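In the two complexes that follow, chain A is the common piece, with chain B as its partner first and chain C second.
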Partner chain A sequence: MAEKAILFDTSQCSGCKGCQAACKCWNDLPSPTALNADAPSFTGTYQNPPDLSGVTRLVMTFSEEQGGPKGIKWAFGRRSCQHCGDAPCATICPAGAIFVDEATGLVTTDAARCIGCRFCASACPFDVPRYAGDRGVINKCTGCVDRVANGLAPACVTTCQPGALSFGDRDEMVARAEERAAVLRERGYADAVAYGADEVGGLHVIQVLKYGAAAHGQRPDPAVNPAVQLTQVMKPVTGAVTGLTVAGLAAMFALGAGYKRDRRAYNPATGDTLDVDTREVIKHGDGQDTESVKEHILENLPRRKGGDHE
Partner chain B sequence: MTSHWCDFQNADVILHCGSNSAENHPVSAKWLNRAHERGAKWIVVDPRYTRTAELADIYCPIRSGTDIAFYGGLCNYIIEHDLWQHDYVLNYTNASYLLDPDYGFDPATGLYSGFDADSATYSNRSWHYQVESESHWDTAPGGAYAWAAAPGVPAFTPPTVEHPKRDMTLADPLCVWQQFKKHYSRYDLDTVCAICGMDKETLELVYATYAASGAPDKSGTILYALGQTQHTYGAQNTRAMCIVQLLLGNIGMAGGGVNALRGEPNVQGATDMGMMVNEHPAYLKWPNTTDRKSLRDWMESQTYADGYYTNKPKFLVSSLKEWWGEHATADNDYGYDWWPKVHAGGLADTIIPSFEMMEQGKIRGYFNWGMNPANSAPNTANVRQCMSNLDWLVVVDQVATESATFWKAPDMDPASIDTTVFLLPCALIFEKPGLILNSGRWIQYRHQAVEPWDEAKPDYEICDLLWREIRALYEAEGGANPAPVLNAKWDYYVDGKIDPRPVAWALNGYRVDGTDFARAEVDLCSGYGELAADGSTACAMWIYTGFWANSEAPLDPEKQACCRRGHEDPSGLGLYSNWSFSWPSNRRILYNRASADPAGRPWSADKVLVEWTGEAWKTFDQPDFVAAQGGVPVPPNDNAFFMLWEQNARLESYAMEDGPLPEHYEPFESPTDVNPLNGAFSSPCIRFADYPSTKRGTNEEYPIAATTYSVVEHWQTGGQTRMCPALIEAMPTQFIELSPELAAEKGIKAGDKVRVWNNRGSAVVDCVITHRFKPMTVNGKLTHLVGMTHHFGWAGVYATSESMVNDLTPNVGDPNTQVPEYKAFLVDIEKA
Partner chain C sequence: MSNEAYVPTAAEARADEEFLRAQEASGTERFIKRHSLQARVTHGVTIACCLWLVVSGLFVFIPALAQAAGPGVVFAMRMSHRVIGVAFIAVPLVSALLAPKGVRHIFRNLFAKWDSDDKKWMILFFPYLFMAKWIHMPDQHELKSGQRFADGMLWFSGALMAVTGVILLVGSTVASFPAVYAWTLFLHDIGFFLICVFGLAHIFLGAGIFQPYRGSARLMFGDGMVSESDALYHWGHWAREELESGENVVEKEARR
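And now, the complex of A and B:
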């Protein structure tokens, strides 16, 4: 399979949030609804929920600005994983829970492996991965690699009625984006750009941004924190001993990124994730019998490639 | 719709006015984007900058309720700049017809000739044409209308064909064109801008861009929805669009048309089935107490003298045969007298007066089936008070709606309400098989996906249970008027169970001889041309004939036209004639004769629907005209609109209740004190304004113009969508949208709750402060506009709200349809 990408053309997007709802449905993610409460989370805009969260992998953003030929620029944006070519989240993940799907280049996840360390969240140049506290795992777009492996497009793309989302070979998506941005510039949208061809090693979500990157909530020049590369030095040293890796990297990363993070440790005997400082179990693992402990350890040894369902 | 969803891709200019299709009809965006990619210009005229406006090229603000001023100005612009399509207007419309010498309009009073002030109604006598000559039907054996005198056909005097007097030079001052020109000459750009509130530069850009579709080979489409219809002159808004499209030659063209975007998946089907109180299924009229007292009266008042509706007797008798089966005979006028008669005018029993009658104790019991008026009707505060006078209320719905729980509303006292409420749970669309009909008139069959939840049943099953009980009661006890119940044909069973497939046979029509429903043997008709007025055919919906015509497999939907899934498209225009079935007669684009010039040459070489080759008609779509008679091709003529007796479209129409040409009137509640165009101010024919419950507010008390609308995340009263957590999360509350200017004036900040009120009610809602609403200058006065969504209420599980936005909307109606004026009214607001 050739390298794949999602193409999002903001100039064809009607802001209907069908993608947002489809993402919830396909991935079986809950939507918080306060019972009989009067909308505690209303943002005062059309952007609801306000941002990504432990249960939300895709949010449509709505940014208003005065100006332009129509007096107002209402820029719809897609806030989700961009599937970086040099995915810092996958690089830094000590547990192999985030990894690049070889067949497509999409950056996918295996929640069963996640230890909830949240390094990925710190490493992401787009501030995408979110911690699902109740489940103790990181939540982010998987690229629907399960669907893609079966010949389908990601759920968000399939549901898009206006045709703002497409899915296909990355080269083709990049070419189409460039072409479309040029058409938009000709039509008076002077700031229209294609986005994603080269950013962070080349993204796998390519976008046509009608009013320019910033207007649609995209970083004009996303950069990876150098600390991410630095952590790689530690990886071979700590090797397969995941618990040590966690502790070691946590210290390093906290230093390099300037973040004060909770420190986590993984107990391979029980499968539990512990808070290093308090020794409290943050996430109960499933490694309660010998066989599954062995399996868990094996899984965490050399990183395997491929998706959740090999 | 005169066209269909896929046809939007063929437009050269797209005009949204009174609709927000990217938001409320998401699939439309697919086809509109295709047109846009091709280079079509896209215009949105709306009180606020919508999600559709973001997709479009041009956005033009407009004060809600001033669409006729906008369209009148467009007509004037088209005429002044000579952008109308001359050959089209001259040959295919009534522009050249001479009007009655008494015809007139007086701007000083704002009244047309024929107004009766006491009844606030018009006599349309003077709106008719002058007659040049008369001719008569040839009903002799072998004559064109021999069928009308055949055995079994009810006796009636055929109508006289009145040939209107015409002036093909369009110079006669009494011709429609001259009157039309004069009427709209008052709608100059400055006047329109003063009324509607946009700036002149934007208006001119919109006019110039849209009027460019008047080039013969170009087409423009107008997409409208409830933003046009929910006014006290909503039907005239629709007329205004038709007129513009006729001037520009856009009706009948691929990529053209007047396209009503229907708000529910099957609302076009419901309309066809007689949703309007005065409309019998398939756009025939119910009996009444004036000109349709008897079958003979019906035939004589309803049968057109010329055009396709000369066949109406065939459709009516076939319908009677389906209603009463073997009990309908020539001797008893096919059971015509068993039908109920609607009140004079036919519209006395629509939704607004229904509640008034509850208040007066005239309506004691109420079936509330598939609607939720305690949330969706105008002036809901009044609605729930009226409902509390009922002895009993039956609500058939999927969830316990506000109507089912009207007594639980925050301002109601359950202890003092004696109404017995029955909630009958019904199946969702995917829990039952059945037919559905979309805005593009496509009839499709939907298979059952899952079993209904718990005790829920399909509506038709609930109907059947009720029917059996009621009929049994009449059989056992008689009653005031048992004949209609005891004589009705009700045999829509398969294996003893009520089933939509025999209903499909009834809708499609069949020959009575050779049909036995009980044995599932049906001699189905393949087109409505096969229907007869002599009782030999039965058909409940003549317009649908052909959608289920395979007599070889009457029980197999997959072998019927409505289930076709062919992708062939020889036209290259996305007609997809082998995909499902489009009524009438699988016609995809109505009035397609008008896509070619009087000689039958297509106006556009790229948009060929029909073409006269010199010997015959080459057709990609089912011709909407007489292309051949008795197998012999009929050469081109001017009869492009053969569903009208004139067979020409009406720029001026005598058939409207409130005037032959659309004229700008102010809403029932208006933020301005002036109507620069006429002395009537608001519509002289406005309905129900005299009800005390309407509690009209003035702009001194309530200076802010308000409108209501839907958002894509929710649907109607939210009964279904507020059950879906992902949708609640995507739009968790109802809100008011207002400009930063108004917010500053009222001290309202983002995150505040806002109280919105008028004489009818008060609602506390969240707010969206946005530049997408802008204050405008209306007749010299700074005017603020706000808009509110209306999907929430006290019923349901998630995101309930104590406040009902429709408490604020006025229960006044359009004189033609009695549709309420949800879209323009007055409020005041404050920080809650």
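And now, the complex of A and C:
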């Protein structure tokens, strides 16, 4: 199967939020229904819930700005997992609970393997994964890989009435997005862009952003936190250096086999440090050592147990 | 300039001989008190915590282990990591509050000026580890120069683990700061790396696995005392100072 992608054309979106509802239905995710349950108070926006959460994988965003050919830019945005080509969440996940579906390139999850560490949330350049505290697992769009494997489109795409969402081979979605963005620019929407072809290794959610990336709530230049790769480097480095340390210590132990040391005693009256068995004076007084490093290393003959003069 | 064997005067030789005979006749051996009970208990609890933190941390650090163990085991390990982490931080802190003079003493030793014996000891340390039978090391003060460095690294990495651990705990429970969290995780990994290297070396030497350090375990896991002979070998300058003052010296039945 070729790499797949969702195409979201903001110029065709009616803001009905059917995709949001479909996502909830297909994934059996509840919606808080109490008054102001999602936001602390009424915010005056049509956007609801205000952001992604442990039970919300897709939020349509609504942004109004002055400008554009018609005097106002009402920009709908799609806030959900972008299914990065170089998915840092999958890279950093220690449990293998977030992984790239090889057949489609979509970044999916296996809640049964999730350990709730939230490393993925710290790695995501789009701030997408959310912790579902009641279940102790992370929550994010799976790309509906179960549906895709059975020949269906993701639930959000299937339900989209105005045809703003489509699903298909990624190359085709990218080509269509670029073509549509060019058409929009010709019609006077100078900031219209196709988004997602190259970002973070190539996203699997391609978007036509009528008023430009920022207006639709997208990051113009998303970047993965370098700490994500560094933590991955630390694993083999720690393993290798620890292994070397153990090997070195084992060698020291092997070379130290048969080591014996004569007993020592100190006579404060004379200031002599003595070898109890041979009665030799090992050192007189408490002065600093006067041998060179080389002499220390080469003094392997018992008769050279020298003492310091003071 | 080489250390040449010191030839004592006749009077000194007689005094030394009498001293050794008297010591043998007494059937006792001199020991120097080195670590207090509080220091030993703090060290013991910290070690137990540290070992458990290493083991439980591995379940997140090594993906293959996490995946083999399954989320239930990893969850239990993660939770124990948090609880034991609190003990790892709290026990030394409480101990420090109970004995501020001890803390000052530790840090004074850690940052003591290095004399020529200290520098020479450090240069000779790696050759010594592989040629202990042939190399005799320069005398040392209460903390060997290498100890100062290694203990300092353990203190540093322990503190790094503690601070980053608290940030990770807060960032995964009551607050959210993803970018800082990712960097903190990296620093936590750096601390783990240092603990692995310096901790292993510390165990190898401190527990007396290395043959010339046999008996060292008694210092922290026994009665906290070091025999005169071992003290003179490991910390010559300190041992002579202590033996002359006699303040921390006790006589016990000789080990035969």
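Here is the rule we go by: the second predicted complex is superposed on the first by the 225 of 310 C-alpha atoms of A that agree within 3 Å, B and C clash if a C-alpha of one lies under 4 Å from a C-alpha of the other, contacts with A are read in each partner's own complex, and residues count from 1 in each chain.
One rule holds for everything that comes next: contacts are C-beta pairs under 8 Å (C-beta built on N, C-alpha and C of every residue); 3 or more make two chains touch, one makes a residue touch a chain.
What you see is a predicted model; the values in this text were computed from it and never measured.
Chemist: Should A:Ala103 be classified as contacting the first partner (chain B), the second (chain C), both, or neither?
Modeler: So A:Ala103 meets neither chain B nor chain C here.
Chemist: Between chain B and chain C, whom does A:Val281 touch in the aligned arrangement: first, second, both, or neither?
Modeler: Touch partner of A:Val281: chain C, not chain B.
Chemist: Could you figure out whether chain B or chain C reaches more residues of chain A?
Modeler: Answer, by number of touched residues of chain A: C.
Chemist: Touch test for A:Asn225: chain B only (first), chain C only (second), both, or neither?
Modeler: Touch status of A:Asn225: second partner only.
Chemist: State whether A:Asp127 touches chain B only (first), chain C only (second), both chains, or neither.
Modeler: second
Chemist: Is A:Cys117 contacted by the first partner chain B, the second partner chain C, both or neither?
Modeler: Once the two structures are laid over each other on A, A:Cys117 reaches chain C alone.
Chemist: Touching residues of chain A toward chain C in the complex: what are they?
Modeler: The touching residues are 92-97, 112-119, 121-124, 127, 131, 136, 225, 227-228, 230-231, 234-235, 237-238, 241-242, 245-246, 248-249, 251-253, 255-259, 261, 263-270, 272-274, 276, 279-281, 283-284, 286, 288-293, 295-297, 299-300, 305-309.
Chemist: Name, in rising order, each residue of chain C that touches chain A in their complex.
Modeler: Touch list, chain C to chain A: 1-8, 12, 15-17, 19-20, 23, 30, 60-63, 66-67, 70-71, 74-75, 78, 115-117, 120, 123-124, 127, 129-139, 171-172, 176, 178-179, 181-183, 185-186, 189-190, 192-193, 196-197, 200-201, 204, 209-212, 228-229, 232-233, 236-237, 239-241, 243-244.
Chemist: Quick one: which bits of chain A touch chain B in the complex? Just the residue numbers, please.
Modeler: 11-12, 14-18, 20-21, 24-25, 30-33, 35-42, 44-46, 48-49, 56, 64, 66, 69-72, 74, 76, 161-164, 187
Chemist: Which of the residues in chain B come into contact with chain A in the complex?
Modeler: Those in contact with chain A are residues 22-23, 26-27, 29-30, 33-34, 49, 51-59, 711-713, 725-733, 735, 750-751, 766-772, 774, 797-802.
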